[in-house]
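Below is one structure, written out as structure tokens; the observations come after it.
Chain lettering (A, B, C and D) follows the sequence in which the chains are written, and residue indices restart at 1 in each chain.
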Amino acid sequence: MGKGRLEAFSDGVLAVAITIMVLELKVPHDASVAALLQLWPVFLSYVLSFIYIGIYWNNHHHMLHATHHVSGGVLWANLHLLFWLSLIPFTTGWMGENHFASLPTALYGGVLLMAAISYWMLQQRIVAANGAQSVLARAIGTDWKGKLSPLAYLTAIPLAFVNPWFSCALYAAVAVIWLVPDRRIERRLASEG
Amino acid sequence: MGKGRLEAFSDGVLAVAITIMVLELKVPHDASVAALLQLWPVFLSYVLSFIYIGIYWNNHHHMLHATHHVSGGVLWANLHLLFWLSLIPFTTGWMGENHFASLPTALYGGVLLMAAISYWMLQQRIVAANGAQSVLARAIGTDWKGKLSPLAYLTAIPLAFVNPWFSCALYAAVAVIWLVPDRRIERRLASEG
Amino acid sequence: MGKGRLEAFSDGVLAVAITIMVLELKVPHDASVAALLQLWPVFLSYVLSFIYIGIYWNNHHHMLHATHHVSGGVLWANLHLLFWLSLIPFTTGWMGENHFASLPTALYGGVLLMAAISYWMLQQRIVAANGAQSVLARAIGTDWKGKLSPLAYLTAIPLAFVNPWFSCALYAAVAVIWLVPDRRIERRLASEG
Amino acid sequence: MGKGRLEAFSDGVLAVAITIMVLELKVPHDASVAALLQLWPVFLSYVLSFIYIGIYWNNHHHMLHATHHVSGGVLWANLHLLFWLSLIPFTTGWMGENHFASLPTALYGGVLLMAAISYWMLQQRIVAANGAQSVLARAIGTDWKGKLSPLAYLTAIPLAFVNPWFSCALYAAVAVIWLVPDRRIERRLASEG
């Protein structure tokens, strides 16, 4: 089974998801500064989600790069991940449209949580298909980021009903720790090249 | 004739179709639980259609993987399949928006039926272009899933005017039997590798 | 210069164009037969445009398949073609929304005319980059379809102000003669293997 | 690290961005000449932005073609560029919708400025990853276009509050100087074959 189409389809879905999000940034009918400023919550949520989808694309790229065998189970685990990522434009729009109100901010975290879980499931599937001694398996190692992120989301979701800005701070913090790309795999690949 | 662009174009259309469906999930203007709950029929139809397009992508992936020759007829049979799949966002939206009313639920099945027929036509064309002794031809074998699915849709369409939930149960049942990927081809390829 | 990305980008634009056209098929808010029937002009124009974009994709696929050298001029000629094709969702929507009224039907033909001209320009550029003795140059030969199509559009545009259905019949007739794929190139390639 | 997926993902985002812009060209509900003419500012801004995204795709194509090594930093610099380009459909729509009013025209230039800066940053990253003696580094040379463009945008932004048409003339002028493809790289590649 080739991984080429898996990558192509995932790239397609992520490219569309990241780009249609901008449609939530509705074009104002007047040209005033006020009209533009009213868009700031939608814009802010757009930036956050753009970074998140970028992170997923980036990590997906690294993970697949270290993958040799793609089984039927991997295809489905990948579609499962894409399902949750495809909901990000919706939760982003709802959170922005309602100025980071509690419920939309909690739901945003819920979708991020499901995306993180499905990414972890995909990773497990790929490791299973490639063997515990594969470059990928050894590169992942302790995977502390992958373990910390769901904990952060699980904290952020109830926190949204106390103060949604705490939740947003947590979402942003998780994004920052992921922005450093997965050097583990890069390093492994380089050293074993 | 290379099959690379056929795959790339199909991936593109399916990736866009699967992702723009989420636009039917209109962002509510208030942040209440009630506003979110009102979206459940649209969400449910989104999940069903996401799985269906995922199944088509998955089977298309397997079928093309076992294909060596692509003729002009295959290109057109493929576009015919994409045409029916491109209507899924519309029928999904109509069914969800109207809370699984009879007519939209029947039409949803009608488009699934046409997609199944066009998939079967594409399969015939590919077998014709690759020979009855090809890996693909032998892998398809009796193709009981491909024969059962149209029968299920043909049953579900009139049933929608009795009770649309019966139809939905049938659509979901067909999805479940397809979720098991086409191991026939995978096995054949592995054993002949 | 590789032609891989030229194909990938063109596939992307055409896949998006063909799929977002379905968004013009607005989901009705009620589930009646009447609501569905009201959509027939939009649906009809969707079918016509789907076939046209399919034809362009198909011919583009054949033409690029026979291409070896891609110059800077080819990239721009290709973007020029994509520009006119990207307007098809708009003219399709306008024609369908207004039940094939004269002006939208004429404009639809105008965009088809520009697309045909830009396709011809792209073909000239590719032949120039690949030489008059290339497989492509010899395969194109007299190119009677490419010469007939603009004439048909030029006839259809004024005719729309007499009776738009005459124009639609011409658009459909051109589509039919193109539906036969460009066997010239296929045959040439096969015979020169 | 392969550059294949970087190109595929960028192609996807640019293809979607260039195509969804046409959705701002809202289909009029009547078929009159007046209804069509009212769309001219939106159409004009669409043409300008189509050319700009085409230029970015074209230059991106040339730059990546001359690239051999892709580092993690390059992936992020590329996403940064895509972020600004993904905002072009929004600024295009706002400028067109408000008939080239001062503020939207200035913001349009602001996004072009950020895109130019992020393109320059990406170029720096790629040169850093490929070495100062690489084909790319020598091909870029003095990069006068890359230096002139931000200056033109910086001039156009305040000018929009004097007369937005001066700004538009500057945007168009920059587009024209870029329409000549980056022959430097093409020539270098040819001569070093």
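Quick note on the criterion: a residue touches a chain if its C-beta (ideal position, glycine included) is under 8 Å from a C-beta of that chain, and two chains touch if they have at least 3 such contacts.
Given the structure is predicted, the values throughout are model-derived calculations rather than measurements.
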Please state whether the interface between subunit A and subunit D is built from the same residues or different ones, using more than half shared residue numbers as the mark of same. different
What's the rotation angle, in degrees and to the nearest 5, for a C-alpha fit of subunit B onto subunit C? 90
Geometric centre distance via CA averages, subunit D-subunit C, whole Å: 26
Can you give the whole-Å distance between the Cα centres of subunit A and subunit C? 37
Touching two or more other chains in subunit B are residues 8, 12, 15-16, 20, 23
Enumerate the contact residues on subunit B facing subunit A in the complex. 7-8, 11-12, 14-16, 18-20, 22-23, 25, 27-33, 36, 47, 50, 54, 57-58, 61, 64-65, 179, 181, 183, 186
Going by the contact rule at the top, pick out the subunit D residues touching subunit A in the complex. 1-2, 5-6, 8-9, 12-13, 15-17, 20, 23-24, 72, 75-76, 79, 82-83, 86-87, 89-90, 93-94, 97-98, 101-104, 107
